[in-house]
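Listed below are the structures to be examined.
In what comes next, subunit A is part of two complexes: it sits with subunit B in the first one and with subunit C in the second one.
Showing the complex of A and B:
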């Protein structure tokens, strides 16, 4: 909003701020029915109960509460009671509490409470019997592992917290709620281990969450972009994971998990670049197997970043580096191709990106078409039509395939975009400019911070850590928690 | 600020645009596999022959078979490699690239002339020509060599040179002679440089000279390609002075500490029945050279060669394997044969060439504090020709092939 524009708040909002609950039931009912547009608002219920001991009035959203509990524990006891005793002794729900003003009433209604007013009382009671609809706990879709737990987060905060509590059954696991000053106000939950987490980092995260004033932050995917230090950067500074076991591992190392209602994933902060290359399966597999799969992934990252760029650089500027057999093979297959090598590579890379983008967006009944179109048209037909040479198809397929080996979806984009930068760089001065680009790229990555933690630690600056950076140690030999976080308890054993 | 930005932008454009100046697409270049150089009648002009590979032949399995020839041979006049390259472009459509030159073939006549070193001086000035390409001396004209050399099984010329040179190096009948070694040795001015000797002209020797006592052209081969790579040309001070046979080349490689030792298959006289030969694979360990430098008297050079021998064939059917007495005789005899032949060759280098082809000058350099002292002592003219070279050949192990014992001829012929 521009500064010269005055903030306009609706009258209803202004009025509700400090309205106390009146002794007159009629007044209260009239007020709430006006506030909630009763009659127009389809699922807002306003129900009068005339029991033998007095008049009650209930307000609730019929779509977000459990009707069975409403009937059994609220309506029936209120109607059947013979003596005039306080409401908390009639309603047998553990979640019953009293509310003093309309502000709280309003919060309670949105959270799935039934509000009970009684004639002649200047307080109301809210009974939380919410029944928000959400997906069941399902298998993780995007971070698959063969060995390891198969649970994933779902779009319900209580369910997600319950999974956390199951993972870490300890009094030190704290779930702290902070509200974002947005419209409507949304709670954000920070999950951390009290005896490990670094207070400075925790405060930093809290401060940033409190600073947000934008409206419409309804899930952590949006929240992530509001929290990040460099939103335009190629590198994500928070880890987005849908695996509770992964999140649990991070919490026990001293990281902080951020969860919200409506998100089937959580954010881990602060994070270093290495975490994007690690899969939880690396730890579940035995030492040799886990490290082997890390090695394969490491190779895949290098291929996806550099193979196309190196091909462009070497063929254009350093043909003496190519073994003569390969050189003659490339030369002969390129004799009929009209495009320069850079454009040949870019053409195929763009085509591959198209297949990938289309593959995500395409409705699943049409899915197989992508495979046929991709393989046939872009692979074989393009070669036969002399638009690209076969070796370029191999190189692009290799770099494309390798990018799928990325353990995290966020870093996948980073690798894909960086690859284009390197191809452009390589086309300028060959390996010289490619190396220059890599140098700048790495210098930039090293300079990034995630909530005050260096992005490249513990490689640089070097620090005590579980030594789980490039390869992991045998678990018994892991002595320290990540030192770059400065957790309260460094010693792991 | 704005001006600065625009200036930086322009600077960047300049960088971007100039970036492409030496970019060349692969298919727009013609790859020369071998260069031949010959003498002409006039003083500073040479005839350069370029053998250009046709990338379309034999490279892709699925590509339609082309009617084009495997290679194109172009021969032009020029004063040096660079001017000849651009002269050849008059008839070759693509830009001629010397990146992939495998061999530089020089005719014997040119190598023996004083002009050779002037020609070679122009080679390193071309960035394209790699200094690890091999120098080969051909008996006939280099142009003729390139035009006549028609390998039967390796249709692509670079493959032929690659296999031929690799294999011949393994058997030890030709030396490894990258251009850079020529410059090292010639500028060091203390050793002889050896280059492979080859020819396509057959001139078979009448007598049978065991398997390696030949120079190129002398081997009596029927059929196949007429090209032969055997023996080496000896260069002293950048000029060719002699030819070594395959056997002599083998010895010089064996005594050289800078060249990798390969296993060599060679024939030796059977000690118990001198009419017969033994076939053996010899694997020499790295040679140890110890020089005891005496500024006034005779310098002692001790050369320690230790070998492992694998006897493959014993045509005389003597029992060397089981009979330990025979085995000892064989061991002593092989040692002696190797020793004698080696000494003979060393003597030849001392008396005939007055210089050695083993790059031993490396071992005496450490005896001097300054280069001046070393140059003053004069390894080439004073020390080596008068030195007392002692060869110590030691056969460390004797192995026999797959056979456990030879057939007993008396039993076979009863």
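Showing the complex of A and C:
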């Protein structure tokens, strides 16, 4: 940065950091009321109490505290006390603590504390009786399973941590808070098992979080993009999950979970590509059933990536491959279609993407319309109007349907965009360019890493691990934790 | 941040060796052997193997003895900088020639069989661009990539052998020594440089998690490749028979062309092209990378990835000089292999003597 571009912090910020709490109640009140724009700021309360033993002053946001507790445990005891004893002995709240300067006062107020000032004292007391409103713990919406727990995270940090504590009742489960130097300062919680996690990975994550200086990072969805090494890459390097049981499994393998207030999900780092294809249900189901469902999903991934591109390549360049009867069938169905095959496929693929995008954004009362419109216009009418051939509709529907089988939403976009790349590649030089594109794609996947862990491990580079890649082993036979994470304790049994 | 230093292990090396040596079962090398050896082509690689085994074991022994050197460093250490540069350049030139003659053959195959209407140059440029782009990512990526794509290639190989064995006739192996014992022996020995990559890959001696992994990997990969080549050649011999096998230029494609899978899939050769194409991409990615690495090691160029483009380009231009596939294969490749064989046969002995001399001087 050039010297004339130096950051200038606003004076108000600098002032409040240095301000100590004064002995004069009047001064404190005046300072805080000015800082918080009392009167304009409608839920900011500044309340004077004249008890029999002295004058008190309370500050709080009325919208984020529990009024019942305020009345019962703070206001009533302060007013009723007859003897002049210290505040901690009057207020019967376990969360009471003393604060020395205005910086802490401000932090407390935003966190849902009531600040108690007393005339003639150069310290104040904060009582945390916050009552932030949030959703209840509900069923997971995006990662559904038939067999397995039905809880999901919700948009409250304490609730989420409490769910974690319930998952892993151990003193080694550490929830560490790091503040992002953004505006406003936001805490990020790292959840990990102290006796498993690799320190190098943990330090790397912490270092990257501390490096962030951008303002306005209020949830992990945004944080994810600031933490990633390759923000423009097609491949996510952190797993985004809303299932506490899934997150708990990862933590007990030595991964780190990142949670924040305001997010009903957590991030798992570091991650390998396999995790995006695994559903927690694979482990809950019996070995054969879980692996069968993985096999189906693997087929779905291959179909969604390659079926349209292969169709383009083979019909355009390698028609000798197609059995003669099938070739005639394709040719006759295309007889009256004027468009080239690539254009035909792209038209339908784009239409399918449109339906999908519209399906997410459409208000739910209008939802059924889109199904009818999509099915009628794209399926029936387009074929009858000889814009596309029926076989293309089948292929595009198949590849679109298969992309919904993705176990994780993060990888869904990867598959969808990659599919278009492959279609373009196939249209250029048939199988030669298609295979070349696949080769480049795979080379990219094996070359990247997530927080120092190779994206394709444990397949390659190989390590001791549960060998949980395409298929999983019988749980009893899983001897090792993932070795690519280099956990403190490798032995699982 | 890199959590695991030097992550490559046995499986990656095995996969890489399998790609650059084993896949000679599917290129034009069998046609080269079949020209004189007839249906004894499967014996030719055995002879080559036995012929090269001695020098190869000596080289491995020397590498093990001087733990911290790769091929070029070992040459420099043993016979000095000047003579070492000369020898290393000689090896580089041999490898380079072998690479571009092979590459031209493969390009002609792709061109002739799958894209008969397009010019060789366009296919060449596409192929080379992809090779250079991938090779640019470094050895770890290449090794991992080889392992990641290995399943596709193995499935292809098993499928080819399976469908071909249905058409194969065992007695076509006879006459056992095809063109005659002398011819077969001469073919095997004089063209054993066709497998020279096994020497060149020792440039990567220091790049694996432990050097003992390199030993395991190269022996495992080498023997698997050997088995694959011999069994493929035997299948070709059983498919095409004496006196007609020497008239076929692309044995692999021909072998997949003549078989059908039931009554519905009558023409499945393009299906087998997938694994074949992947393996050829990988083979030249690895080969190009090794060649650049050797060149970089000779002239102490640290970031030798920058050489991929010029070396690849020069290889392309040079390989397009022979007017046709036949000239390239039957004249250029055959002659060059005959010249290269003694070099690769002798240089490990030279190093061995130098090492012996060094020990005695102490």
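In this section, the second predicted complex is superposed on the first by the 482 of 493 C-alpha atoms of A that agree within 3 Å, B and C clash if a C-alpha of one lies under 4 Å from a C-alpha of the other, contacts with A are read in each partner's own complex, and residues count from 1 in each chain.
Here is the rule we use: contacts are C-beta pairs under 8 Å (C-beta built on N, C-alpha and C of every residue); 3 or more make two chains touch, one makes a residue touch a chain.
Just so we're clear, the structure is a prediction, and the values are computed from it rather than from any experiment.
Because the two structures share subunit A, they can be overlaid on it, and in that overlay subunit B clashes with subunit C.
When both complexes are overlaid on chain A, the residue A:201 reaches subunit C alone and has no touch with subunit B. Within the superposed three-chain model, A:176 lies out of touch with both subunit B and subunit C [touch as defined at top]. By the document's definition of touching, neither partner reaches A:80: not subunit B, not subunit C. More residues of subunit A are in touch with C than with the other of subunit B and subunit C.
In the superposition on chain A, A:332 makes contact with subunit B only, not with subunit C.
Look at A:34: by the touch rule set out above, it reaches neither subunit B nor subunit C. Looking at the shared chain after the overlay, A:440 reaches subunit C, while subunit B stays out of its contact range. Looking at the shared chain after the overlay, A:486 reaches subunit C, while subunit B stays out of its contact range.
By the touch criterion defined above, A:456 lies against subunit C but remains apart from subunit B after alignment on the C-alpha atoms of chain A. Within the superposed three-chain model, A:43 lies out of touch with both subunit B and subunit C [touch as defined at top].
One listed stretch of subunit B collides with subunit C once both complexes sit on chain A; from 96-104, 168-176, 204-212 or 366-374, that stretch is 366-374. Annotation: subunit A residues 317, 320, 324-325, 429-430, 433 touch subunit B in one complex and subunit C in the other.
By the touch criterion given at the top, residues 198, 200-201, 204, 314, 317-318, 320-321, 323-325, 429-433, 435-436, 439-440, 442-447, 449, 451-454, 456-457, 459-463, 484-486 of subunit A touch subunit C in their complex.
On subunit C, the positions that touch subunit A within their shared complex are 1-4, 7-9, 11-12, 110, 114-115, 118, 122-123, 126-127, 130, 133-134, 137-138, 140-145, 147-149, 264-271, 273-274, 277-278, 281-282.
Interface residues of subunit A facing subunit B in the complex, by the touch rule stated above, are 315-317, 319-320, 324-325, 327-335, 337, 340-341, 390, 427-430, 433.
Across the interface of their complex, subunit A is touched by residues 15-16, 19-20, 22-27, 29, 31, 33, 53, 55-56, 59-60, 63, 97, 99-100, 102, 128, 130, 156, 158-159 of subunit B.
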